[in-house]
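Here chain A shows up in two complexes: once beside chain B, once beside chain C.
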Partner chain A sequence: MRTRTCLLGLAFVSPALALLFAFFLMPVVLTTVFAFTNMSTSTGITGGSHVITGNLLRDLGNAGVDDDIVAALSEGSFSVTPETLAAAAEAGVEPRFLGEIESSLMGQSFEDARSFESALKALPSRPTRIRDIKLATEPFERSILNTRYSSRAAMETAIASMVPDAPVDTVSAIAEASYTGWRWIDGGNFQTLLDRPETIRIVLNTVFYVAATLAFNVFVGLFLAITTFYLPKTGAGFFSVLWLLPRITPVVLYAVMWKWFTWDNGFLYVIAEQLGLPAFNYMKGSVPTAWATIILVNGFVGASFGMILFSGALRAIPVQQLWASEVDGASRWQQIRRIILPQLRWPILFVTSYQTLSLLSSYEQIWLTTNGGPGSTTTVWALEAFNTALNNYTGNLEYGMGAAMALILVAVGLILSILYLRMFRFDELVNKPRIEF
Partner chain B sequence: MTRNFSAWPIYALLGILSAPLAIMYLFLVIDTFTNAPPGSLIPNEFTFHHWRFLWDPTVTGDVWGPTLTTFLFATSMVVIVLAISSTAGYAISRLNLPFRRFFLSGIMVMHAFPSVTLIIGVFLVLQYAGLYNTLIGVILVKASLMLPFGVWIMKGFYDQVPWEIEMAGVQDGASRFTVWRRLILPQVTPGLLSLGIFAFIDGWSEFMLPRILAPSANFQVLSTYLNVVSDPNSTTYNFNLFKSVGLYYTLPILVLFVVFQNRLMNIFGGGTKG
Partner chain C sequence: MQVTLKNFTKTFDDTTVIDSMNLAVNDGEMLALLGPSGCGKSTTLFAICGIHRINGGQILFGDRDVSDVPSQKRNVGVVFQNYALYPHLTVFENIAFPLSVRGDSKPDIEREVRAIAALTHIEELLARRPAQLSGGQQQRVALARALVRKPDVLLLDEPLANLDAKLRLEMRSEIRRIQLETGITAILVTHDQVEAMSMCDRIAIMNKGEILQIATPTDMYRAPVNKFVAGFLGNPPIVMLEGRTSGDGRFLVKEGTSLPLPARLAGMPGDTPLSLGVRPEHFGAAGANRVEGTISFVEPQGRETLFDVTLDDGVVLRSIQPARDDVVFGQKVVWPLDAEKLLAFDVSGRAV
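Right, the complex of A and B next:
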């Protein structure tokens, strides 16, 4: 009996487990792992191959690799092997001539075209025209430049065959450098972040954004909850529905409405023009107005969260306490100060902590309104991570760097959410099942 | 309580504070049916001109395709979220599970955890799974990200069902599955309804995931459609048209909200939007 219920329970949770594993756990793992790589669009997200390019050779030369080796790698060489013979037959070289090459030159290799051509000219059945001899040499050319090798060992063999006298560690260093896929760079991304001058700017932006929006959310939420608590039902109902609207309005439309409100020839623009005040695109035109816009855009959505929770907590206060205070002659302000606010301590703490976390990681509204502008004055950490990894107009998306930036948010998010669980009495929520089978 | 205060200063304060919202929503409706002379906000002409995108695909492109896709998207969300949350919620509320406590705290952490930070990881998962740029991938991701919330809500509803109902069922010889299916599920119908409506609204409004995880796919949902249409940097931008498309897009949600307002209020308290 026990095991059967156990099985039923497992069957009931396993679909949830599978999806949560795939789209919660795996993303966390991948973010963590790839934060330590240089993965980007150019490296691809699966493995790469080994290629020596002209650019790489130039870099190798600059990095102190022997010039002779670099020169040898950049040139092709000519060798007579079964493979090159087959390639030559394919290219239409005369069979009798090929037979002679095979019998007299098999296994030999030549460093440049001139020496190979003179070796060919010594053969009896060579083509009469020089041009045909030159054409016949082509299939025998083996160049390492821009040839793809699927494994590192194949690349090393190829290099060694091109430059037989190169030291082993140089060969393996070149092979290593020729890898095109992503590679481990330890804490390289974090080091770059530390070195970048923009980082401190973005951190300060984020702190300012979270603090200002949070203050707006909590104070306006409190104000709305308390005023609607005291007002007659119809008035209160109107305002709570009005403030709930941003929460249910799809974010794209909400952004369009704010654009209309602040854009050129929009609402504020027209009003300011008629009043003779400076009229410009407030969302993107200046730094203070851009900040004001994104704080209000987020604040008007977030305030209703506080409003709902605080209203619920207010209704839970025994109304006798309020009656008693009125009998004793307390004013409304004294009621709020001495009775209501002390009892709202936990809801206020909860809203503050919950919204700190969601504001820290949210960028949807900023992305759709100012998009971090003007310049990068309103860019916050989460938006920057997103732009780095997934929304870069230059075309090279830096997944590794973006993952490193996101990993910091993920870590902060995990620590804070576990902390909140401890703070808000998780234990009371777990009840033991009362049927034992 | 006595009315030992005058209400009008409070109304005035509330009015000033709410003015931007009131203006934006008022003009959202007015502007779709009217035209105003340049440099003014007061309309002087009634027109259906801004709604012509509904029958004239040359204005903003076909709107019915994205509507259908959005409906499909939101409905799939509802089905997946309801099916999985109602079973998993029951299991962690009532059944003996190994690691039940661990699972429950995991759900809670995931619920509090800001899932948007995972978007880069999710992008990579979809790339590896070959579901990038597909509707099914976006639906799965969206539904999964909503699961901790859904399981949590359903657990709350199951917790309120009296144990006696279940015990009576077991006493009469029903299996736990039958008890769940025949006795408990009808008890939590209000929860299923609220969660379903919430999932539908959430799916209908979703913008980020389709935009990021299926940027070059051959389907569009209304949110990405509206985002493309309403670019004020285009030379012929017309906020009246943008608002008409936007209002058309939002109407189903507004209707659902008005009809089910009281049910949703309970669930919004634990909502996921900052």
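Right, the complex of A and C next:
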């Protein structure tokens, strides 16, 4: 009976567990996995083959591989053999021309394309267009360069055939380096981040962005909540709705409105011009104004959130307490500081911790407004991770590096949450009744 | 400090709650504002302490007109019904609050708080928070906070309503003791006639925003100015009989029974419509007149027993007597009625 009820319970929670696993746990697990690879657009996320490219050869040369080996690997030769003839036939070279090549050049080798081309030009039924001659040379090229080998063993064989006298470990190292798929690189991504000079810049940007926006959120939220609390009811309702607008407006539309507001010939621009103040694109034209823009853009969204929570908490304070403090002689300011604010500790903690975490991982508004500019002066960690993993303008999306950056963000978020919970003795706050009658 | 209200008027939006009320509370006196809920007694209290702005008239503390003085500067102590203690502060900090917002020095605050805590018997609770106190203890803390800065007036808004019956009794005498010891002028708002009568020097009874009578509890009980006051005071309540005078010193209840009138009303012309009030203690104890009826309800209350006696024509009189079990339900009784103590009211409800 007991087992049956247990199983029944499990059956009931299993959809929730499955969803939890799929949508909460898996992303973190996958991010962690990706973070320790060098996955990118060029490696793909499935697997790869072995190719030696010109770039790779240059890297090998730089890495200290013997110049002769590098030269040998980069050399291509053109040779007329039964295999190359068959390849040419398959590539669609004209059969009569091919027959002439077979009869007159069979068994010969040419050092470079030029000499092979001139030999071909000597043949009677050569194509009239130079381009076709060039195309016809290609199948005869015997080179390891840019040739795909599906396995590492095949690559090693090919290298060995090109440079028979190369040491085995060099061959194996080159074959290893020629792999195009993704690889486990342990902490390579993190090491790269540590070594990059711009990392510290981005970290400082992020800290500044979060701290400044958070301060704006909490203080403006508190200010609005308290002022509307003391306003007559009808006015307060109007102001509450007004301050909610940034939150209600779709993000993209909200960003566009800020563009109109701050861009060249925008609202601020025109006003500043009229007043004889410096008028320029405030959003992207200077570092201080760019910071001001993104802090305000995010700040107003968060301030309305804080305001709603704080207003609710304010209304939960029994009005008699406020009356009592007034007859006890407390001025408005003393009432706010000594009676109201201490009782808003819990919502302030909540807004602070919640907003810290959401600001740490938010980049949409920055992306839509300054996009991290001018230069990368307003680039924050989340935006950089997004750009690295999903929005790289060079076209090579570095999933592995992006995941590593995201993982760091997750770790920082976790540590901060634990700190907040400890610092504000969260459980105590939640367990005890906050308001006494 | 004497507190005087002159033509005090209070309106909320378009509703006039209190229209030109006059009231004088003597120095060192404890006065009850007694009335049913919605009668304006709390409104009056909040106007005196400045939480509500008055719409007309004057409020004087002694000779000082405080009508336009904000509550912070009135120097009043208020105990609210729900005590309104600050939940995030300790008992000490709660009591110290009025002093510390005034900017008193640390040692002064310490001394004053200790003194008032001793007066209210809460010395051992100073380190606790309000959530860790019982209702009675919270009440004492609220009282201490209201008294700590030696206010001119102490205002108590239904201070006992949130306590259980036993604590209510205890706090009733405690509040009175503290008021007498400090000699402070106090105003108690309550809807409970027992509280008002037991704690206060005088009672101002209110209904619909009007003070009907101001008198000592005994005087008010004995000689209520009108039917409302007579009905509001007394537990178990007075029985009102509607009828007419006979012209020969008797009173004819509508249903037919004839009861004697007190001697002072014997000369009233006949056929005058009257209401006759019979308090339960004036029936069944002593008196020259005999009334016969059947016991229709018995309610033992321990020390006393309450009886309903139905007369032949259906009129019900109530009687309270020292506990007795020799009378049972359905029994015929002939009990005395003390005619001289009966209360009579004319058609408009005024006492005659």
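The rule we apply is simple: the second predicted complex is superposed on the first by the 276 of 437 C-alpha atoms of A that agree within 3 Å, B and C clash if a C-alpha of one lies under 4 Å from a C-alpha of the other, contacts with A are read in each partner's own complex, and residues count from 1 in each chain.
Keep in mind that, in the parts below, contacts are C-beta pairs under 8 Å (C-beta built on N, C-alpha and C of every residue); 3 or more make two chains touch, one makes a residue touch a chain.
Computed from a prediction, not measured in an experiment: that's the story for all the values here.
Chemist: Between chain B and chain C, whom does A:183 touch in the aligned arrangement: first, second, both, or neither?
Modeler: The answer is neither, since A:183 touches no partner chain.
Chemist: In the overlay, answer first, second, both or neither for which of chain B and chain C A:323 touches.
Modeler: After superposition on chain A, A:323 lies in contact with both partners, chain B and chain C.
Chemist: Looking at the overlay, does A:152 come into contact with chain B only (first), chain C only (second), both, or neither?
Modeler: A:152: touches no partner chain.
Chemist: Contact-wise, after the overlay, does A:201 reach chain B, chain C, both or neither (first, second, both, neither)?
Modeler: neither
Chemist: Have a look at where A:343 lands relative to chain B and chain C in the superposition and call it first, second, both or neither.
Modeler: second
Chemist: Identify the partner contact of A:358: answer first if only chain B is touched, second if only chain C is, both if each is, neither if none is.
Modeler: first
Chemist: Could you say whether A:331 touches chain B, chain C, both of them, or neither, answering first, second, both or neither?
Modeler: A:331 contacts both chain B and chain C.
Chemist: Return the chain, chain B or chain C, that is in touch with more residues of chain A.
Modeler: The larger set of chain A residues in touch belongs to B.
Chemist: Figure out whether A:19 sits in contact with chain B (first) or chain C (second), or with both, or with neither.
Modeler: After superposition on chain A, A:19 lies in contact with chain B alone.
Chemist: Would you tell me the residues on chain A in contact with chain B in one complex that are also in contact with chain C in the other?
Modeler: Touching chain B in the first complex and chain C in the second, residues 323, 326, 331, 433-437 of chain A appear in both lists.
Chemist: Taking the touch rule as given, give the residues of chain A at its contact with chain B in the complex, in rising order.
Modeler: 2, 5-6, 8-13, 15-17, 19-20, 22-24, 26-31, 34, 45, 220, 223-224, 227, 230-232, 235, 239, 241-253, 256-261, 263, 265-267, 270-271, 273, 296, 298, 300-302, 304-305, 308-309, 312, 319, 322-323, 326, 331-332, 354-355, 357-364, 368, 382, 385-386, 389-391, 399, 402-403, 406, 409-410, 413-414, 416-418, 420-421, 426, 429-431, 433-437
Chemist: How about chain C: which of its residues touch chain A in the complex?
Modeler: Where chain C meets chain A, its residues are 46, 49-51, 70-78, 80-82, 84-89, 97-98, 101-102, 130-131, 138, 145, 149, 162.
Chemist: Taking the touch rule as given, give the residues of chain B at its contact with chain A in the complex, in rising order.
Modeler: The contact residues of chain B facing chain A are 1-2, 4-5, 7, 10-11, 13-14, 17-18, 20-25, 27-28, 31, 38-41, 83-85, 87-88, 90-92, 94-98, 100-101, 103-106, 108-110, 112-125, 127-129, 140-141, 143-145, 147-148, 151, 159, 163, 166-167, 170, 176-177, 201, 204-205, 207-208, 212, 223, 226-227, 230, 232, 239, 242-243, 246-247, 249-250, 253-254, 257, 261, 265, 268-269, 271, 273-274.
Chemist: Would you tell me which residues of chain A are touching chain C in their complex?
Modeler: Those residues of chain A that touch chain C are 318, 320-321, 323-331, 334, 338-339, 342-343, 345, 432-437.
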